[in-house]
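You will see two complexes here that share chain A, one where it goes with chain B and one where it goes with chain C.
Let's turn to the complex of A and B:
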């Protein structure tokens, strides 16, 4: 008989090893999946994990993409991880991301075609505010009326998507776009564009913001009393109240930070890689960031690494579609597997397996 | 009464640091209501857990109707005809009565048939209950009926009831007693666990008294006075409460006519609670569990805010201050539940030190935690209170109950409070650690701190308190000097006069 026995305290070895083991298991099972699809498994795995970075033919294009994709994922995941640490489950980052982009871009476009240097900073601020305000809806409903933030934030994603569809073919539509949906191209408007900062690296302001967020989140959680209160609220809500933490304030704080960071990510995306507000500029980063947050163990540095890894599977996945003709859905399956194995392996952090007779007779 | 139903012989069970049951032997007759009487920590619950197959005895044996009886799990005990109603119910709020009952059965009949059975049993025993009601809408007394009916459907030979009246209103107690008497008349034996003396005198045929894990006596409660029962229960130490020579100083903490609604379905409202606590004195507050102890602590610690003007510290109104502000002014507290309330289980002792000492011990500067100072603080607590732990980085949940308790009480004492409020400071703690904690509290009082100890352990309160008051249904009796107290007076204070009269009429 196999049974799980609770460890007296979490194993440090397993905490560190779990993501690595999860990646290896994903590669193994993913390889089996590709084999079942009739694709060469080793080649498929290599195409996803190796070629984007080191194959001379693709690396020049793929490497910058790594930061372009990882930037928003990390920025959003950092915000989400604070809430998850406190036991506040914001599933609606996608909506906050969209609203940040819409409000930020809208604020800029209102002043088109100004060439003021203040346009871009103002848009960044508006983007953060947009995401923050969208996150305040579940926050206030939760603190005032006790609603479930999971449902409210998730449902608000669909509201945000509808707003996006509406404004991209209405309010923010490019008047010179010959009736096509989608806003003006912000990349072509210098004052509002989020340019690549160092040519050929993919580094743009969103990536810079992501790195700053990683550092600030690390300091907040490790050193600051608010970070301590966030962790305490997640670990033991009653103890947090006894300590003097106001649960409503933690909800407002965590959802607010997550919303603002997701809004920033949206704004940087829409002014940079995406270039314009369009019905489908959002590429599901808000949801993928949930995986990134957990894959990174809700730890800022872990999230940094996990964001890069997840970006790699995106890029490698596209490459595998192109080169080997694997179905696009298999890449999502791949990412899902990663989260699944991580959560599975995670059990061993707090439990150990005992095999054989052990139950008290 | 003929052959006994259940015979216990030499049952012994030791846990690390404490012998919960030491060579306990007695018999429960057929069709008898047998009381198991003892204070908290006397070993009552370990004993019934052994009978119900939840705990395996280290030594000793049981026989049920002459057959050897050694259940290794509750299912086995149930098959042998032993059923148990726990003090804390295991019911799902969202399901109906019938669905809840079905969940506990090994092969449950169809819901319609089960509902009919439930209705039959509930009518037969005078326990009105609608099988289709959702459990979440039931009162505590009705929930208990669900548990009782769940047991009765198994047609048990022995029904174990763990402090059944602690959650009941007096009217519900009357109904319950009628049900139990009816069961007895049909030949079912009942093992009735309680520490309410008058209740036992009114209901039970025989009583076995446990103290510190040992059987002290078996007697007929109706022929024994409450005083005699109490003396057997609490032992000789009770007879000589030492009057400590203290000269109480100024009033530090004053509670004036504090009333607070119950926090939840199982909570107790506080009704018109008033008290005064002076410098250098220990005020003990006793009472049966669930009579407002947690609620009083929360109202004093600041976890729940009180109406303006009801809580004063050194003459200042602190009713609307949260825990942080109250700590800042010198009012510290220690809740009953160690894991999850006083301490965060998965966090280290250093972090658990920060939990209450962040500001008062100067561990936070401009919002940033000084982890070196926090580590030093935790080490101070560990050293001064002899907390056995590999290091200050160990997770709180890895410590034994006694060691963690020393840490969470020590954490407050090290912060040098003006007023310290603790709930059950030595609950579930081995004797040596308990003595250390009590001594630390007395030392603190000697230095001029006002200490309020809420406890269900009367011995403890008599040992360390200068004055004593009791909580009963959220009301606090007037505090009296311990030296003037007798067991009758304490019983009256704890049970309330009303309960006593009812019990006397039926006795």
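Let's turn to the complex of A and C:
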């Protein structure tokens, strides 16, 4: 008979090994899935995980894309991980991402066509504020009324989407765009564009911000009292309250940081890779970032690696779509499975498997 | 704006149609939560039900088979959630989210070839003299069978939880899994059954969307209906009869805003299309401001039996 025995502390070995095993399992099951779809499984997996980086034909194009896709994922996931550690479930990052982009782009476009160097920094600030404000709605409702932040933050994604649809064909529509929905192209407006910083690397300000966020989050969690309070609130809520941690402040702090970072990610995207506010501007980074946060074990360095891996599946997925005709949705399924396998394998992190009739504990 | 173009008879009839998918998903989730499990994957199970039901209905020409397949597919999917949370003791919130992401991916993968197709839909039931009643006939008694089945299901769940021994055991498991375990009830088995039932209901709700309400398959077509179902369970304070009220209320808001949009009301379209979600938030706030409201005591807690 197989029993689970709770470990006194999560196993460090398994904490590190579980994501790797989850990736391998996903590759195996994904391969079976591709075979079932009538695609060559080994080739499909290689196209997704290997070709974007090392294939001489595609690598030149896809390597820079790695940072372009990983930047927003890491930025959002870092913010989410703080909340997840404290037991605060913000799953509406997608909405905060949209609102950051809308507010930031709106603030910039209000001053079009000024060429002041202050425009871009001002937009960055406005983007962070937009995401922050959107996250403050579930935060304040939770602290004031005890409303469930999971449902509120998620509902606000749909509200943000309808705001996005409204402004892209109304308030922010390009007056010279012949009536087509969508804002001015921000990449063609020097003062507001988020340029590639080092040519051919995909490095833009959003990626820089992501790296800074990783470092700051690491310092916060490892060295700062607020980081300790966040961890304590999640691992031992009662102990946290006895030691004088104000739960409402933790909620405001965690949701605020997550919202601001998601807003930043949205702004860097709209001024850079996306270029303009349009109805289908958002592409699900806010949800994929949830997977990144868990895959990275809610640890800043882990999230950095997980963000790169998840970016790889995006690029590889596109490549597989192009080369092998693999349906685009299979990548989404792939990413979902990854989270599922990780959560399953994690049983080994928290429990020991005992086989046979042990002595009753 | 021309409000007279909105006919009250058709309005109430369409509220019943638009409430049914949420009602089905919410009543299933309520049973799951009464057993102490928080399954946030309703949206994923619903959309899986929507696509499987649609595909089966098209391939067989039988909408009824579509519904059956949808219930089965979503229930099987929910068992993966059950296995992870009940056997491997994973975090219920994270696993539920994962279930939603898997469901969304799986559904768009399955649904790709079916985009833009038309499906046979359920016939309106002919209830004889009832359907011929002057006003009420059109309003209440000329729907398809799933509308009435969903109402029967609510009544059955209500009676099951209130009057049967099995219902009592399910509630005991949800209130205190340790006490229920000590009494010799199989906590994990009860919860698995509840999760399976919840999955089947969500699948039916999804199939109702793609086979009757819309009726078409488009990617991401549930558009948060599963999450609204979760909110309705909170709104309903985990009681079957209030789930019914909640679902019809939300059905009402959805239909009303669509009608207002069509009538060209002087309200921004963005506000109207966001109104079901804003309404959900408002209701959640109003409910939570009242304080404790009957959530099962073991809701969301992992259960690990020490032999």
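One rule holds in what follows: the second predicted complex is superposed on the first by the 358 of 361 C-alpha atoms of A that agree within 3 Å, B and C clash if a C-alpha of one lies under 4 Å from a C-alpha of the other, contacts with A are read in each partner's own complex, and residues count from 1 in each chain.
Just so it is clear, a contact is a pair of C-beta atoms (placed from the backbone, for glycine too) under 8 Å apart; a residue touches a chain by one contact, two chains touch by 3 or more.
Owing to the predicted nature of the structure, the values given are computational and were not obtained by experimental measurement.
Contacts of A:226 after superposition: chain B is touched, whereas chain C is not reached.
Residue by residue along chain A, chain B and chain C are tallied for touches, and C comes out ahead. Legend: residue contacts after superposition of the two complexes on their common chain; A:244 is shown touching chain B, with no touch to chain C. Of the two partner chains placed around the shared chain by superposition, chain C is the only one that A:334 touches, whereas chain B remains out of contact. In the superposed pair of complexes, A:36 makes contact with neither chain B nor chain C. Judged by the touch definition given at the top, the superposed model places A:343 against chain C, while chain B stays out of reach. Overlap of the chain B and chain C contact sets on chain A: residues 360-361.
Residue ranges of chain A in contact with chain B, taken from their complex: 8-10, 223-226, 228, 231-232, 235-236, 238-244, 246, 360-361.
Residues of chain C that touch chain A in their complex: 40, 80, 83-84, 88-91, 93-95, 97-99, 101-106, 108-109, 112, 219, 223-224, 227-228, 230-231, 234, 268-271, 273-274, 277-278, 280-281, 284-285, 288-289, 291, 304, 306-307. The part of chain B that touches chain A in the complex is made up of residues 56, 72, 301-303, 322-325, 327, 333, 335, 337, 340-347, 351, 354-356, 358, 364, 367-369, 371, 394-395, 397-398. Chain A contributes residues 3-4, 6, 84, 89, 91, 141, 145-148, 150-152, 154-159, 162-163, 165-166, 287, 290-291, 294, 327, 329-337, 339-340, 343-344, 346-347, 350-351, 358, 360-361 to its touches with chain C in the complex.
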